[in-house]
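Working notes, structure below.
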Amino acid sequence: MIDFPAGFKAPFFRPSSRKADELRQVTLTPGASRHAEGSCLVRFGVTEVLCTASIEGKVPPFLRNSGQGWVTAEYGMLPRATHTRSDREAARGKQSGRTQEIQRLIGRSLRAVTDLKAMGEMTVTLDCDVLTADGGTRTASITGAWVALHLAFEHAIGKNILKKNPLRDQVAAISCGIWQGTPVLDLDYDEDSKAETDGNFVMTGAGGVVEVQATAEGAPFSEEELTALLGLARKGTAELFAKQKDAIRK
Amino acid sequence: MIDFPAGFKAPFFRPSSRKADELRQVTLTPGASRHAEGSCLVRFGVTEVLCTASIEGKVPPFLRNSGQGWVTAEYGMLPRATHTRSDREAARGKQSGRTQEIQRLIGRSLRAVTDLKAMGEMTVTLDCDVLTADGGTRTASITGAWVALHLAFEHAIGKNILKKNPLRDQVAAISCGIWQGTPVLDLDYDEDSKAETDGNFVMTGAGGVVEVQATAEGAPFSEEELTALLGLARKGTAELFAKQKDAIRK
Amino acid sequence: MIDFPAGFKAPFFRPSSRKADELRQVTLTPGASRHAEGSCLVRFGVTEVLCTASIEGKVPPFLRNSGQGWVTAEYGMLPRATHTRSDREAARGKQSGRTQEIQRLIGRSLRAVTDLKAMGEMTVTLDCDVLTADGGTRTASITGAWVALHLAFEHAIGKNILKKNPLRDQVAAISCGIWQGTPVLDLDYDEDSKAETDGNFVMTGAGGVVEVQATAEGAPFSEEELTALLGLARKGTAELFAKQKDAIRK
Amino acid sequence: MIDFPAGFKAPFFRPSSRKADELRQVTLTPGASRHAEGSCLVRFGVTEVLCTASIEGKVPPFLRNSGQGWVTAEYGMLPRATHTRSDREAARGKQSGRTQEIQRLIGRSLRAVTDLKAMGEMTVTLDCDVLTADGGTRTASITGAWVALHLAFEHAIGKNILKKNPLRDQVAAISCGIWQGTPVLDLDYDEDSKAETDGNFVMTGAGGVVEVQATAEGAPFSEEELTALLGLARKGTAELFAKQKDAIRK
Amino acid sequence: MIDFPAGFKAPFFRPSSRKADELRQVTLTPGASRHAEGSCLVRFGVTEVLCTASIEGKVPPFLRNSGQGWVTAEYGMLPRATHTRSDREAARGKQSGRTQEIQRLIGRSLRAVTDLKAMGEMTVTLDCDVLTADGGTRTASITGAWVALHLAFEHAIGKNILKKNPLRDQVAAISCGIWQGTPVLDLDYDEDSKAETDGNFVMTGAGGVVEVQATAEGAPFSEEELTALLGLARKGTAELFAKQKDAIRK
Amino acid sequence: MIDFPAGFKAPFFRPSSRKADELRQVTLTPGASRHAEGSCLVRFGVTEVLCTASIEGKVPPFLRNSGQGWVTAEYGMLPRATHTRSDREAARGKQSGRTQEIQRLIGRSLRAVTDLKAMGEMTVTLDCDVLTADGGTRTASITGAWVALHLAFEHAIGKNILKKNPLRDQVAAISCGIWQGTPVLDLDYDEDSKAETDGNFVMTGAGGVVEVQATAEGAPFSEEELTALLGLARKGTAELFAKQKDAIRK
């Protein structure tokens, strides 16, 4: 065994061996679904989510005759997307609180960059189904769903249903956390379950924040730490925005 | 009609006529429930929530034989707590996504300041039932639930079930938002529905942040705005901590 | 220990120390809800029920285009209204048989004194939510709901929606039971759980009976006992009618 | 047109042409189910209910290790038991409030004459399924379920599971109502839907009352009317008790 | 004990003592329900199913304004139709997979011989409720439901709603199986639970096959065995068609 | 327009341009799931199903202490696996009858070739989730699930949980149908929706039939047609068995 001098401080090592501000390998594969008007298979490392955008020519009751459209999302996880099998929500007969929380977040995030009035009375439903889970499924979902939504709107333009794309900006999301006192970007499952603080940041291409959700799992965090996480998120989403642009160009 | 000179900029007015950093009148009435081990009726202006803490001598399956306790929360709203009657969730047969999101937040917030190991294998369930809703029901719930939980633990000490109170710190919550470009504290319903950004901040007595949830309803917000909201929240929760201390002394 | 002579018959004592024909202290506080068109907080001793009346400008499908209105009720209990916490019905996903039985009784009782044709096509929903339970929650609900309903109709008159109040009479309810062989009025929880017979009587201001539900918990009861209970109920509801009149005058 | 003298009072005619105190033809056929431990097909005129009693060697959780048994009931109606088809409750996914009310009443009525302690830790479930409905299904159910329960206990005696029959008395039920001002016995569907007052009376062989439920559908009723209904019920159940005795002798 | 020579092969004995190609005693009693437009009580030995056909003057949404009718089925079992009591599906809050599978099969089978266009926009719902179960409940249901459907259409002709009966042919069903290596007709419960292969065959009067469902419970079966089962089914349904003709003539 | 001579009979063309006895391109990709003990991504043309096998060290209640294992299946479809979006079953709160029918079939098919006693008290759950649907999802599921199950058992052998693979044989399934009078193999969605008869055949490697389900969508079919379909199925499954063997060798 190596004999360390007293006071030796180990260099920083994330379980994933990534640098503190390093994303996992992210790929966005457009057109991954055969039938959907828009789709994207998004991978953040091992995490894999299939995002499809389905257009329907009607709106929920509260928007009827408003001339305005709607964007909504549903989220699901295959039972064996996880390390040990989870119950199938359809068999249990209800969606968990976590599922509902996530699908509400995805819907809100996409509506934040969509000109609903420019859509006319149509609804786009984003289905984000997790094929493999390894942390960050909600942020991957938002990031991939934006691509699917963009492509669905382009599809509608091709069909002469829309004149121009109602998306006003890009939106992407990334998780950040504090791991052994250090703010780190894009937590995988292992890191997430051990992080002291865990946050999800949804940001726009123009640099604005759409949503922040940060939770202390262990000790409370400070304003400085929140600011550091936000800085990391800004860096991470900048990379995601570039990948989104590539994906819609394909 | 008054003839204003060009460029006149109206002074800042909140719909509630409160100053930007002014809480509504907050009261915390301990012992509001006849039967519960601990309870608190909390009012933030017109908003009124009855918080009860119920002790049960067993834990959920995942904690059995762990020697550790559990703190959990349920949230509900009387059908006519709101301006127009809402459906009764028991009659509809399920809790909404919003309800589940809120009760998960309340539970997490209280566990963040509780030494679960010091509880032994008991469960405390916090029921937060909104009698009148006028914005800020979730933050009022957290603030009042802490008082109810404290009193329930004191009750257990009085019954020789616990030696000392397992609460390590206080926890309280407040909403902040950006209203006509100005960060303001403690939004009521009117303000909340018109705010550009709306956030909930859960903080500890020691000044740490337990949870931040901030959402842009209209335009995205900036890092500076988030910091300003956090500053307001710190001021607001400081006042709430003082009121909590008064309440448990009664 | 005192040495009683053989054949000594103890004087009658109710657990509550009340006389056989004595109501608990009853208060009816009108306007207890901020938002409802009509409301009343009713207390029968410790039992406490918030009754709200909500007006909606439409009727159930079976009354559409009938020119007739509808009065219906929903009943609920806060989880910790009871000595030990009960499951939240919204979380369990269904209302118990007891809950449904009670809300059907409340609705029927109020419709018995309402001129539904005089309402036009509106629905009034009475929500009766038990804040503290100590026996007699369904009879307190009916008694308080009448006040809430009356006030809601007055509110509609004030808004020029109705010309006159469609209530034809008062309705109130009280429980009676047989306790150690003696008929007694207005059972509290303790008395109720030990009574041999337990009945609920719904009566009108004009002295008619709208509903009788009497159940032998132990030995069956006789016709004479039923008549005695009805007599007590008549006395009790007479006092309740006076209190209702006071409440709507405030 | 016949010219009636002023003050002519039409003789009393029930829609069914029965006398005021006349039951419909009642038959109780024991052993109507091939598999059940006890069973009875009960007919009140056209109304037809199959009652089965099923014995299981365990009790609900609240009675475990109490040495005491339990008697409970479930009630159902075939979708086309009624004039127009009703929804199937299994397909709708829940039992109506009416169904739950009735099955609770059946269970209570039978427990009132059963010595639960003498049963040991067994449960008997009475299933009362309405094959044809023409009014009075709940009273027919109680009357027939007593026969099924008696036979099931006899079956258990034959199997040496019980030493003696735990039934302390008979129980039967009948509806009565006020029809055009006259109290009448055993309402069929037509009469029931036009009656001013409608009541169900559950009585024991020894002449005691187990349960009274009387509801004014139109005008409230008086104490005298309630007494008259009870008198009719006593006469009607006397006939039912004789038929029950015949049925268990077969 | 009798001493059999080696190689002795026992003669074939079914548990029911029936010949391999012998049906149980089958009776079809038309008009068994008082209220339904068409009905039939069908018995296959001990198995007893009440089939009712209810006509409604509307169609499901997917057929609105198509000028075409619909035939559908629901299936249920009384809790004590079986040897030991089964849960009531209405109380459990959902229909089992088996129930849904059977009711879909019944509906498909009847639609196969109905000219839906000739019905106009009406729906006939077949309710098949098992009063006693002893194997073959789904095949008895189909066989009896055809009679009920036929009678309901005749009823509609009598009411001048239809001009001619939209049934193009008869349909009946029977189970067959392989028992100790021998193909046998019409399995009862005992035989069914021990059969190596179990199949249900739905056939038309003209000799066509509408549906085959054959399952190997033990060893897989061969093409020859399937053909043998189909031959038995043809013989069995020929007898059922004759009985159906008798039933609709009554 | 071409002038065909009278009596000209067009050559046979399937919509898919395949020969009558030609499978779509089938691929079986083992190990497609990161976390599952066994998995297979199966493609039949465009149809794509992810099959995972999850091992759990316990059995359902009816098998406890029997020393025997269990194999079961669940089936689901991503909402946009289909041409137009289908409702998410988890959001609707229940699985459709079709879903239940399919998952029961998959489970039965795999149990038919598994030595449950050789498994010991473990359960393997096969999740078959359809990513893209184009006809034949249930037969693809069975075919792929066998590979997943085989690999899961091999995994258990590698972990010393099992000594040998409890699979006694292969099982695979294929659909066949009658299209314009001609029996054809492996229907895609287009063909399936136009076929007169549609059947699913589950067969074993040894050539036995495990399950046949054949339904006439239009005209009834004959014994000869059923035999022809079975012959096609035998040819098709022979090719599938070869592909399964390749897949488990990878």
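In order of appearance the chains are A, B, C, D, E and F, and numbering begins at 1 in each one.
Following the convention adopted for this analysis, a contact is a pair of C-beta atoms (placed from the backbone, for glycine too) under 8 Å apart; a residue touches a chain by one contact, two chains touch by 3 or more.
Just so it is clear, the structure is predicted and the values come from calculations on it, not from any experiment.
J.: Through what angle, between 0 and 180°, must chain B be rotated so its C-alpha atoms fit those of chain D, rounded to a multiple of 5?
T.: Superposing chain B on chain D takes a rotation of 120 degrees, nearest 5.
J.: If you average the CA atoms of chain E and of chain F, how far apart do the two points sit, in angstrom?
T.: For chain E versus chain F, the centre distance works out to 27 Å.
J.: Could you state the distance in Å from the CA-based centre of chain A to that of chain E?
T.: Centre separation, chain A to chain E: 52 Å.
J.: With chain centres taken as the means of their Cα atoms, state the distance from chain C to chain F in Å.
T.: Here chain C and chain F have centroids separated by 60 Å.
J.: Taking each residue of chain C in turn, which ones touch at least two of the other chains?
T.: Residue numbers touching two or more other chains: 93-94.
J.: In what order do you meet the chains if you trace the ring from chain D in the direction of chain E?
T.: D, E, F, A, B, C
J.: Taking the complex as given, what residues does chain D use to touch chain E?
T.: Residue list for chain D touching chain E: 33-36, 39, 46, 50, 52, 54, 56, 74, 76, 78-85, 88-91, 93-95, 99, 125, 127, 129, 131-132, 134.
J.: Flag every residue of chain F that touches chain E in the complex, lowest number first.
T.: 94, 97-98, 100-101, 103-104, 108, 112, 199, 203-204, 206-216, 219-223, 226-227, 230
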